[in-house]
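Here the chain labels run A, B, C, D, E, F, G and H in written order, and each chain numbers its own residues starting at 1.
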C-alpha cells in the first residue's frame, strides 16, 4: 500500500484507484504496449457496470493470451483465432453471462477471420476488442494481414509487397458491411504526438475507455459489439516506444481511419 | 577435450550473444560447438540461461547439467551457482552482484563487467550513450582469460567473431565490443583473484 | 409402438439418446454419413419434450463447431457434436485444447471410408486417430464403440457419465453402416444424470473465479499438468475397460471385432460352432481404454489364436498385439473402401486357422 | 513505491514503482508535466516514473490522464483532497 | 567460415537444407518454435543463390497453408511447410487428402509442449500423431527424426527423396530444442536431386490428363485404392527403416531414444560404460517406418533390457513393445512440459535396472 | 453418333456441337441442375480460348466434386472449402496454367470463406465460379449461409430463423468490397419464367456463357475473377424443376441481385 | 426363427420404403428387425439395395449375404439373383422385368407390380396421376402372401405400418398404398405360380 | 438417340436421348417449341426430349438456346444446312 508522506489518507479521496477486476499481477506486456492500456480500460468498464461476477473473458492466442492473468474474472481459452466461436458457444447456453475477448489482428483477421465474420453476422451478443498492431506480436514480428505496404517484418524482410501478399485487410470495414453487428468502432488507442509541442494527447485512451464501456452496454442490450484499437508493437516494429506512437497515430491511422462505423442502438448518443 | 559453459543473466544483458561468441570462437578454432539458448517465456524479460558445449569430438549432448564455467550477469542468476561442477569457475558481474557465492569448492572471478563496459563511453554511439550493454563482451574477454586463451594474436579472431554477429547497422559497434573484450581479458589477467581456471580446461 | 419400442436409424438413436441423457446443446457442421444426427436434433429443438435442450446451432465449419462446443462445455453444459472423418480431422486442434482444459463433451465420429474424401461407406479407419489422439500433445480420448442402434441410443448417456467423471472428451466411434442401420430399440425411462461442475467458468458469483486455460508457460507447471493428465488416463485405463464376450471362454479361436463387424462375427461364431469349430468373439466396447485385461484373461484361460476383423488396414490389431505381447497367434482379416467382409469369409479364415 | 507528494496538496498521484516499466507514456501525456522518469532502477531494471506535485507546466489537477495511459497499472491511485 | 562449416540454428538449417535440396515453394503460417524456418526462407527468397526457390508465401492459417502445399505439390513441385503442434493438428485433414492423392511434400513439425497451447519448450508428444496419421482414414506418413543441426540440414534432402519415391508426405519431426539449438555444420556440395513426376497435374499438353482426387464413390474402387496404399506402406515398412546404434551390440541394457534425447542418452551411455555398465543406445532415425528389424536384431544378439527415454507420457514405447512382442524387459523414462531428463537421471535408472 | 435421317451429314454444318473439353460421360447431377449447365459453359469457354491443355480444374467438395468426371482437363481435388488455397498453390508455382474451380455456396461461403476472401484479396490470378443454390445440395439439403430467411431445410425444419442463424451472406458483395479482385459478377443462371407466356427465358445461361468467357480472359490477363451463379436445387428445395426456376429467378434473385460488381480490366466492354 | 430379405431396384421405386414396411411389420408382430439401406452413391439414381433381417431373437448380423426372399423391382437388379439362398423365393416385378431367372433351385413369383399399382388410378392424387409409385406396396402385399401371413385381420396392422411412414402431407396416400398391399397379396394368392414359399419361413 | 428431323431442313438439333434426364428445360426455353418430352422412357428411366423441326411456334432457327440450357449435354449438336 502506498502511503502519502505526511498526508493522512483520510484527508484524500480516491478519484481513480485500484480495481478489483484486476488481479494485481504485473503484466508480461512490453513497456508502453496498448495491450496494457486496454486491460485497464476493460477492467474499469466491467467494474463500472458491476459485471465482474458474471463476466467470462475468452482468451485469444496472441499477446492477449495473458489477459486472464490480469483480469480477475472467469476465463476460457480459445484456440488461435476461434475466440468468437468459443464466445458464441458460451453465450448460446448462458445468455445471462457477459462474454468478451481481446483479439490480436493475426488472431482475428488472419486465422480467425471466418469465426469473426460469422459471429458478427449471427449478431451474437458478445464483445470483441481487436488490438491491431499490424504485426504478429507474440510470435516475434511476422507479417499480419494488417501490416501496411512496405513495412519490414521478419517474414517480409524487404518490406511487405502487396502485389504478392495482398493489401492490408480492414476488419472494421468488413464487419460494418454486415447486418449483424450493432456497434462497430475504430479507435486509435496510442497517445499521440501533438504537432509542435512535446506533449502527447491522451485522446486515444480516453476515447478507448468510452468505447469499451459502450461496447459492453451494447452486449447488455443484446447486440454484437466490436471495437478495433489501432495500436503499436514497438518491440517488433523495432522502434522506440514514442516512435511507435507516432507511427501508429500518423501512418497506421490513415490506413485504418478511426470512427464510429455502426451504432444501431445509438449508445454513443448516450 | 570438452568444455561446458552456462551463461546467465537477464533479458537485455546480452547473455545469448555472449554464449554465441564463445561457441563461435570455439568453432573458429576448428572445434565443434553447440549453443542452446533459453527457450520459453523467459525470453521476454526474466532470467535467461544459455548452454555452450565445445569439444574436439562430435558433441554428444548439447545440454549442460554441470558446467565447467558459469558466467553470471546479474544477482538473480546466482541461483545457478549450485549447478557448477566442483572445481569449476564462476565468473560473475560484480557491478550488479553484491553477494558472492557460498560454495568453496569452485574458483571465482569477480568482474565488474557493467562498470568496465560503461567506462568505454568514448566508443559509444555519437552523442554519448550508455555503453554498459557491452558488459557481455567484457565477460567474453574474461572467459578467454579464464580459459587460458592467449589474447595476443587472437585479436583478429575475436574481431571476426564479433564481425559475424555485428552486421549491417550494428557493425558500428564492433570497435566498442572488441575493446570491451580486451578490457575483460585484461581485468582477469590483472586480478588473479582466488584461483584461476586451470589451463587444460579449454586446451 | 405399443410395446415401448422404437424403430429408427442409428444416427437418429444417437440424437434421441443424447436428448434423453439431458443434452443441453449441439453444435456441428453437417457431413454425410452423420447428417441424420443434426437433422433429428433440429426437429426436436424447442420441443417441449426436451426442455433441457437449449441450443441447436449449425456452425459454419467444423472448426467453428468444436470451438462452440469448447465454449459451451466450459460453462458445465452437456454438449455434443457429430461428424465424420474429414470433419473429425479438422476438430483435432480443438480436441487437444479441450483435453488440456479437461472439458467434458461428446463427439460422435460416424466413420466413412477414407483417407481424403473417400466415400460414404463404412470403415473403421479412424480407430487410431480417435484412440491415440489425432491432435498434438499426447492427450487421450475416451472412445466408445456401439454395435447396434440400441447402443447408439445408450452411449450418449454413458458417454456423458464418463466425460463428466473424468472431465475429458468422449468419442463415440460409429460408422456409416451403424449410422444408417435401423433397428427396433427401447429407450429406458430414466431421468438424465446430473453432474456437479464446480470447475465451470460461468461467472464467479462471489465464489473463486475459474480459469480454463491450456497455457502453462512455466515448464514445471506444464510438466505437472501433463503428469496430472497422464495419471488421469491411467486411472481411466484401469477403471473403465469394457468389453463383451460371446462363447469365448472355451474357445480355440477368438474373433476380435467391434462395431457392426462384431455382429457379423457373432454370426460367424454361431456358424463355426455349428461346424464344430470352437470359436468365440471378443468385442471391445471401449476402444480407449482398450480392454486389454479382459483380452489377457482369455489367454490365461487358454485361448491361443485370435483373428482380428476390422474395416481398415490393421489398426485395432496393434492394441491386440500390445495386450497379448507375443502370447498367442494373431491373424488379421480386413476390408476397406465401404465393403464389409462376408461372414462366410471369416468362417473360412477361422476354419483354416483352426486346422 | 514512490512517495513524492508534498502533504496536503490538492491532488496526488501514487506511482507503484515496482509495476512501472519506464515507458514514459505518463511523462509525455501529463498536461502539467508532473511525472518524470527516475534516475534509479526498480527491481525489474527500469527507471520508474516519479510524481511531482509541481509539474513543469503547473500543479497536478487530478485529471487522471496518467492513470488512463499507463499500460502497467503503475499509476495506482489519483487522489484529491477532500473538500 | 573458412573451413566450409556454418554455425546456425536447427530451424535455419532446415530452411537452408531445403533450399539446397532444390525447394521450389514454401507455404506456412508462423508458429513458435518453428518461426525461424519461414524467417530464414523469407530472407533467401529471390536470392540468386537459390533460383529454384520460386515461391515463399505466408498463408492466413495452417489450413490455407496445407492447401497451398497440396496445390503446388500437385504440379510436381518440391514444396515444404513447417509448423508446431497446434498448427500440425489443423493440417491433419489436408495430410489425409494428400496421402490419399499420393502427393509428395515435406512437413516439419517442431514439437512444442502440449496438448492445447501448452508452452514453447521441447516435447516429443506429437509422435503418435505424426506416425499413426493424426488425420482420418488410416493413411501413414513417413516420419524422420533428426537429432542434430547437421541432420536438420540433411533431412529435407532425404525427405524429398522418400516423398517423391513413394509419392507420400514426409514429416520431419523435430522439437523446440533442436529448432533453437545452434551447432557447426557442413552443407555437402551436391546438386539437388531431380524427380520425374509423370503423374503431376499441370496441364495435359497433348498427353493424357491427370486427375488427382481422393474421391472413389464406388466401394470397389475405394477398396482397391486403400489396398494400394496399404501395400505401399508395407513396402516403405520393409525398405526404409533407418536407425543408428551406439555400443548396442554387446550391451546388457539399451537406451531407446530419438531426437535430442538420443544425444543426451549417448552421453549417458558413455558415463555408464565408464561405470562399467554395459549400456548401449538405439536411435530410430525413421519413426515411421519404425526400425523394428534393427531393434529385433538386438534382441537376437542377446540384449534383454530396454529403457525408452522420451519427452511424452509414453508413445514410442508402444512401437518398441510392438517390435519386441514380449521378448525383453522394457522400462520407460519420460519428461514433459518442456523439461528434459538429466543424463544423470538416466544413468541412475539404468544402473538400478542393471543390478 | 447421331445420324440425321436421310440428311447426309455433309449437307449440314455443326453450329454448336460436341466439345473435346467434355469427357462425354453422363453427369451425376439431378435433372435440370445448373451444375450441368455450368459444366457446358465452362467447357465451351475453355475450348473457345484454346486452353484445354494448360488448364487445371480444382474440384471443390459439393455436387461440383464430380466436375472432373465431365470436364476433360487435369484436375486436383481440394479439401472442402479450400479450393481457393489449392488454386493459389498451383498458380504460385505454375503461373502459366489456367486454374479454375466451381464451388458451392457451402464450400465457398461457409467452411471456405476465409480461403475465398484471402485468395481474392491477394488478387491471385485464378477463376472461381460459385454455384449458389442456397442449400447444401450434395449432403441432402442442410441450411447454407445463403439460405433465405424462412426457407425449410433439413436443419431448419421450421424455416431458417435469421435471428438464430444470421442473415444470408453475400459473397459477391464481400468480394467486391476488396481491392484484390478484377472481375466480380453475379448472374442468375436458371432459365426464367417470362410473365404471362409459358416460355422461359434463356438469358441466364447465355449471360452465364459470356461471363465464364470473360472470367477466363481476366485470369489470362493476370486478374482474379469470380462469378456467382444464383442457381437451383430442386431436389433439396423439394420443388419440381420448373418451380425451382421460378423460385430462383424471382425470390433468390432479389436477395442476390445480379450485376457486374467489378470489372477492373473492362472485359465486359469487350 | 429368422428371415432375411433383400429388396432391390432403382432410385425412385420405393425400394427403401418397401424394406422399411417389411421390417416395421415384423417389429409390430413383436419380433426384432434390422433394416439396412443402400448407402453410398447409388442413393442418387442407379441401383438401390436394402437388407431386412427379422428374428425372434436379438439379431446378430444385419448384413444379408444369402437372402431367404429377394424382391426385385427392375431388370438391372436381377443381378442379385445369384445371392438368393437355394430354396429361397424370388419375387420380381414382371411389369419391368421380361427375363425370368435362370436358377432352378429357387421359388419364383412374377408380380406385375407396376401395372397393378398403375391400375389403382382412382386412388391417385386428385386430377389423376401416376399411381405406379405404389408398386412397392404391391410388393409388400406380395411378400406378406409369400410369407404366409394371413391378411385377414392384419389390415389394421398393415395400415399402421403405412401410417408410420406416411405422415403429414403424405398421409393422403395411405389409402392408395393399403389397397396396393391388398392387390399384391391377392395377386400372389390367386397365382400360385411355380411353388410358394413354405409357411415356416416366417412363422 | 432421337432422330426426328425431316431431311434437308434449314437447321437441326440432335438429342442424345440416353443423356437426357427429361428435365424439360429445353422444352420450355425453345422459342419455337421444337422440343417435346417423349412418351417413352430411356434407359435411365426418363422421358427424353424429342426434336421436331416444325415447332409449335415455328421452325427451328438453330438459335442454340436448347444447347445452352441443357444441363446434360443431351442437346448434342445444333446444325445448319450448308449454304
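By our rule, a contact is a pair of C-beta atoms (placed from the backbone, for glycine too) under 8 Å apart; a residue touches a chain by one contact, two chains touch by 3 or more.
This is a predicted model, so every value here is computed, not measured.
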item	value
Pair of chains with maximal C-beta contact number	C-E
Taking each chain's C-alpha mean as its centre, the one farthest from subunit E	H
Centre-to-centre distance between subunit D and subunit C (centres being mean Cα positions), rounded to whole Å	60
Distance from the mean Cα position of subunit E to that of subunit B, given in whole angstrom	35
Centroid spacing, where centroids are CA-atom means, of subunit F and subunit G in whole angstrom	41
Shared-contact residues (touching 2 or more other chains) in subunit B	40-41, 45
Touching two or more other chains - residue numbers and ranges from subunit H	44
Contacts with 2+ other chains: residues of subunit F	30, 65, 77, 79, 111, 113-114, 118, 164-165
List of subunit C residues in touch with subunit F within their complex	29-32, 35, 38-39, 42-43, 57-58, 60-62, 86, 116-117
Subunit G - residues contacting subunit C, complex	20, 23-24, 27-28, 30, 32-37, 39-41, 59-63, 65, 164
Contact set on subunit F toward subunit H in their complex	2-7, 10-18, 22, 24, 26-27, 29-37, 39-41, 70, 191, 198-202, 205-206, 209, 241-242
Touching residues on subunit A, where the partner in the complex is subunit F	111, 113-114, 117-118, 121-123, 163-167, 169, 173-174, 177-180
Subunit C to subunit G touching residues, read off their complex	1, 3, 5, 7, 33, 119-122, 149, 176-177, 180-184, 260, 263-264, 266-267, 270, 338, 340, 342-344
